[in-house]
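Residue numbering begins at 1 within each chain, and the chains themselves are lettered A, B, C and D in the order written.
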Amino acid sequence: MNSRNKSFRFSSLPSSTYIFVILLVLFSITVPNFFTPANFSTILEQAGVLVLISIGASFPIMTGGIDLAAGSVISLCGICMGVFLHNGIPDYIAVIGGVLVGTLFGFCNGYLVHKIKVPPFITTFGTMGIAESLANFFSDSRTIYWKENTNVHLIRALKTDLLEIWFGNGNSKLFSISGIVLFIFLVVAASIFIFNKTSWKENIYAIGHNIESARLCGIKVLKFSIGAYAISGCMSGIAAILILVRSNCATPIMGSGMEFQAIVAATIGGNVAEGGKGSIPGSIIGAFAIFIIRNAVNYLGLNSFVSMIITGITLLLGMVINELIAAQDLRKGGVRV
Amino acid sequence: MTTCEKGELMEPLLELKGISKSFPGVQALDDINLDLYPGEVHVLIGENGAGKSTLMKIISGAYQSDEGTMEVDGKQITKNSPIISEQLGIGMIYQELNLIPELSVAKNIFLGHPIKKGFVNQDKKMIQKSREMLKQLNMDVDPSVLVKTLGVGTQQMIEITKALSREANILVFDEPTSSLADAEIHNLFHVIRMLQEKGIGMFYISHRLEEIFEIGDRVTILRDGKKIQTTAVKDINMDQLIEKIAGRKIENLYPHTRKTPGKPLLQINNLSGRAFKNVSLHVDAGEIVGMSGLVGAGRTEVARAAFGIDKYFSGEVILNDKKLKKCSPRESVKHGFCLLPENRKTEGLALPRDVSENMLISALDQTFSFKIGSFGVVDPKKESAIVSQYISSLKIATPTARKLTQFLSGGTQQKVVLAKWLVSKCKVFIFDEPTRGIDVGAKSEIYKLMDTLVEGGAAILMISSDLSEILGMSDRIYVMCHGEINGEFDADEATQSGILQLAFGQKGKEADENEQQE
Amino acid sequence: MKKFLSLALAAVFSALTLTGCTIGANGSSTEAASNDSNETVVSAGTADAAAAGTKEINMVFIAKSGQLNFFTDMMDSAEAAAAMLPNVHIKCLAPETAFSADEQIQIIEQSINEGVDAVICTAADSTALAEGVKKCNEAGVLYVAANTKVKEGDVLTWTGIENKEVGYTLAKALCEKLNGQGNIVIFENVAGNQTTEDRLAGFKEAIAEYPGITILDSQPADNDREKGMALMENYLQKYPKIDGTLSVTKDMTLGAIEAAKAAGRNEEMVNVTFDVDSDVLTAIKNGEVYATGDQNGGDQAALAVFSAYEALNGIKVPAEQYLGVTLVTADNVDDYISKAS
Amino acid sequence: MRNNEKGLSWKNKVKYTAYRSSTIVILLLVLAFFEIINMVRGNNYLTMNNISIIINQASFLTLVGLAQLLVVLTGGINLAIGSIMVLVCIMAGQTISEDGNVFFLIPVMIILVLSSAIGWLTGAVVTKRRIPSFIATFAIMYVFRGIGWITMGRSVIYRINPAIRFLAGGRLFSFAGFTITMPVVITLFILLVLGFVLKKSSFGRQLYFTGSNGVSSRFSGVPTDKIVMKAYILSGLLCGVSAVLYTGRLNAVEPSMYGNTHFDAVAVVLIGGASMAGGRGDVWSTAVGAIIITVIQSGMNSIQVPSEFQTFVLGVLIILSVILNQNLQKKKDILENDTKD
């Protein structure tokens, strides 16, 4: 019966922290223009999409599943929002409508996985194609844009810089917080709060650990297991808002490939496929770790294929570090009585 | 039907009338009547598949009964579900631990019914309340630590706390002791008696018959989905009980007789690993050596390391005078050394594969019609010849060799694991909890097989948390504590209390002397 | 290519001298040009003569994808063009996910942070990149649209071709070759791509002029050889006689030719495609492909770089700079082959 | 549970056969669907010629499906299939082209050896470092694609050695419009060999066992890491075979090729009834899975479904076929384990 003292332990950090810190230090030293306030504000804004869908991806992973449809759901949501806006529907309704579409789509995924019992990989592999088709269908495979009219207050508000710090004679922006960054911050804070402070964490862990015993504990299993996919869909919807605002249009391929980046970020963040554990901050830091690679590679002006190699190797390295730290922790664990 | 004396004075907490339940092809329960009174421990007993678990699942609402009614506090329950039964004050404590390792003790205790203010969990309040509840059970655990850092015994207590936190007045224990060692069982029984005094009624399912006499007030025997008898525990003795459970007479549960030991087949010298250090032991041909100790004392870890599953830091494993060069299960099997792991379903068998595949997996080379290096082609004729030979010699209850092992009963599964090693011509066996979750009838068959093995010159190291099994089957007994071997007994000298003392960490004679010298 | 580069370069410097923007000193022109030894001679010589500006100029070139030859060609040309100019540094980047407009905007934002003087971008989406242009405008960075126009914003110049015209030219060539009679099939690219849509519109416009030509089928094969081949196999199975194929990009045609050869029906049809690469040129030489269009991607990139340079040195550049499409057939294919090697 | 033993009635036997061959049931449904729609439109879909085209196309898909199947059987997934195929061809370089002028077996051997080596590397990353195969192969895909680009740059290898092209497209004989081609023969041969190895050999037994329960395999003295390694090596080898055939078929190698092959392969395996959890799936069902996908694609082309709907239909079909498969398998298990009990 060894009640542990609460002293700091490396292994209690989200596992993506190590690779993130290593990359951060490495890039700060070697990459010009990387360690600057302006770049940090850029990263904060740009990484938002990946951060949000990584949070979304961690929920199904924690229940022992996976959501491969996240990327194409972004496209679908974005296209829905775009079509709404194109038809002059006020932007807040359009945006809410798009997020609802994503949530509904996620709900359907969850329903298939947990009610009809189709394995999650297959379900979301299939619905990935379905979402992609729908996005193409609704947009007629074209970029959707809309008139800059009075209906886009919200979008305009998100675009404005809320805080700007200028340097010198006012020619170089040192640091800025735009509406988007604030929005991202709010969503992230809300999701961490909901996950840790309401019953989501323990219920999702319980479901991921053993769904049958969770049911016997009196947990509303279906609500939370389907909910996990719905959250993933919802996050895809919110991520679509970000892309929409940033690019002022919606394309049917705007989210393609992002599910993989999100899953990788979540996995580096300690959300492993066995389920029953994981953390939201881990995914967030994982997303930033992946993102700063791209950022640094762009500054270095490297070819995109060199950046592919670097990304791949970093991924493997990150997983190896996670593994080593976990092994170290296990060794220290000693006899359990 | 006999009624408990207490029962005549009180209203039953729970009453089941005429419960029947069938699954496709099986009548799991047939017209069962059962009642539970406040402050009583009602033991349910029967072989695997007798319907105990199904009955308990009906009480907990996991299953719906086809026929019959359930009354709680005199009120008839028409529709039941895990959530409703919880509201009725029924708490379940399952055989497998259902705690979430990555969550804190407090969160586990309040899993499924957190203390909330609006949507927000009141973490501090839950920790405080957990601490109070744990204290009531004489538990000194910090409710904010993660469950994965705690031992099995403690976890079992937390399961009980979890059930009590829902203000349950009916508790169902489904084999709570199967993963506990004796000392922890004593602690559990202490708690059960405390709960009894508070007027809580308890159903208690167990395969360990001696527990019934220690803790039970009444016992109900089930067989093939039918109730055989309900009686006060004091009105029945062990032999009668066994006979009624099995439906036939089992002469002697422990058939083992001492053989003349031959030369040492397994020697472990100064083995140190992650959870144990300096373990030395030997098992001779013709010998069954018991290994006792608390859960978490490092017995399973020693077995795993010796067999080659886990790496060890130092020491050596010698088989039949040959030192194992590599630490790998494959190397061990080549030397005729095998392990029957404690978790049959996850470590012993591949459940989605059939009997034949499971039986031959480590001895595929015997079935080859031709081979190149390690690559060989399996000859179906040879395969079926070998498999049917062992199915009949071990009396494995399977209609065909192609039946998937997930559809076999626990005892039959254990026999398939044993057959796998017999096919591989193993001589040295480690049985890790060989009869866990296996009913009495199958247990005695397993014991008979073990005896036959040593008769034929094999050596067996048997790890068990069941003291009566250890005392009944072993020629010699090692006791482990905190990762070390704390003493050794000859079976004739061993007593329950002697083993327990060592298991609890009181030093053996030699160790005492060493300590004095220091 | 080299010819074009040196010609254009001469134009640049003459413009510089004419407007009197000469600032003395030759500085580190050789260092900037050391990327390519062949070009060094040209640029060093001209640079001395023209005596261009001393200030360091940083540019970034953003391709639509780093994984298509057409764009990597452009990147190379942009680099070569920059190497000819004194004190010009260029970085050629492409989004990690091909055709990701969001990533292109990300690169633009980063480049602005870095303090580049000009962004040259082949927009993956002409609507989405308007945001990128806006950001450049706000930061006072020049935006040059290479290959693809941008819907809104203050763009310095656009260098490229008219895709509809391209489509028209190609389709017309095919129809002429077929003498205005025959059944043809069309290979489309990934649905929703503006370039494809424009080229298809051009196809249809030209074909409408020839009543004898029938479009049997028009389906996408996603700019992929294997898909082009599978689609052609289906076409061949379905239509007993196909007189010609039209494709918006070359990979699909090359796949289709393999399918036709396997079916032994390659003699029956005339193939017209678009974009130039060594394999297409060989196919033209072998008579497997009748014609292809060369949109001179490298020139588009180089011209964009030169324009940016001129503008940064205070010279006005036209808002749109069309580059012609060259029809490559067996007649002029040898020039291309020798150029490529 | 212990009922009297009784054999299967003939009715149950029919059911049992249907349950066992659930993939074929799906194929028949799909074929019937397209045949009916085509018939309504007055066409005939199931002509001998068309069937042989479908089988020919499916034989390529079968190969990548098998490469995926081997890894899926271990409970993993191989996302690097396409990138391995490209990389080995690039590494073989000019030897595979007509200009290389070497005996065709040399490049083929180079490709097969290299691809097996790469398979070994992939397996090593997964087994030695215990990285989930999803992440490991994803990272490897990135690295290999990058290496492919760096080595090859923009060039295209085309005009492949005729002997290799014969392997990929040679017609052996035709019978009533039905043509047997080399790839069909090769794939059939591989199916037979691999089917035999998986069903009858010690390796196959151990692979299924490991996939079903890796822990108990280790406890049974099965060298699980070695088995998983071998599965990855074989998977790599099959990538190599696919690379040879695809290259011959397309008559070219470009670094951007096979971008989605790993996905196609997963779809093939899943429709073929394999379980992502491992230990379930077989070669013949995988082949049928490949045929199903090919039929859907060609069928949709034949009834001119817009391409954006093809992914929709494929997605729905994957889910439906898995639901059907699961139900049939469950019924099969009940029949096997209760009725006979």
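We take it that a contact is a pair of C-beta atoms (placed from the backbone, for glycine too) under 8 Å apart; a residue touches a chain by one contact, two chains touch by 3 or more.
Every value quoted in this text rests on a predicted model; they were computed, and no experiment measured them.
Visitor: Over the chains that touch one another, what is the least number of steps taking chain B to chain C?
Guide: Step count on the best path from chain B to chain C: 2.
Visitor: How many angstrom lie between the centres of chain A and chain D, each centre taken as the mean Cα position?
Guide: Here the centre of chain D sits 32 Å away from the centre of chain A.
Visitor: Using CA atom averages as chain centres, what separation in Å is found between chain A and chain B?
Guide: Once rounded, the distance between the two centres reads 43 Å.
Visitor: So what's the Cα centroid distance for chain C and chain D, whole Å?
Guide: 37
Visitor: Going by the touch rule set out above, which residues of chain A reach two or more other chains?
Guide: 136, 141, 303, 305, 307-308, 311
Visitor: Send over the residues of chain C in touch with two or more other chains.
Guide: Within chain C, the residues that touch at least two other chains are 66-67, 191.
Visitor: Just spell out which pairs of chains touch, all of them.
Guide: Applying the touch criterion to every chain pair yields A-B, A-C, A-D, B-D, C-D.
Visitor: What part of chain A is in contact with chain B in the complex they form?
Guide: For this pair, the touching residues of chain A are 1-4, 197-199, 201-203, 205-206, 209-210, 213-220, 276-277, 330-331, 333-337.
Visitor: Applying the document's contact rule, which stretches of chain B touch chain D when the two form their complex?
Guide: By the definition above, chain B touches chain D via 24-26, 49, 307, 309, 328-330, 332-334, 338-339, 341, 346-353, 357-358, 360-362, 364-365, 368, 371, 374-378, 397, 399-400, 402-404, 407, 409, 420, 424.
Visitor: Can you tell me which positions in chain A touch chain C when the two form their complex?
Guide: So the residues of chain A in touch with chain C come to 33, 36, 38-39, 42, 45-46, 49, 136, 139-143, 145, 172-173, 243, 246-249, 251-254, 256-258, 294-295, 298-299, 301, 303-305, 307-308, 311.
Visitor: Once bound in the complex, which stretches of chain D touch chain B?
Guide: Result: residues 1-3, 5, 200-203, 205-206, 208-209, 212-213, 215-223, 279-280, 333-334, 336-338, 340-341 of chain D touch chain B.
Visitor: Taking the touch rule as given, give the residues of chain C at its contact with chain A in the complex, in rising order.
Guide: Contact set of chain C toward chain A: 60, 66-67, 91-97, 99-103, 105-107, 109-110, 113-115, 125-131, 139, 151, 191-192, 194, 197.
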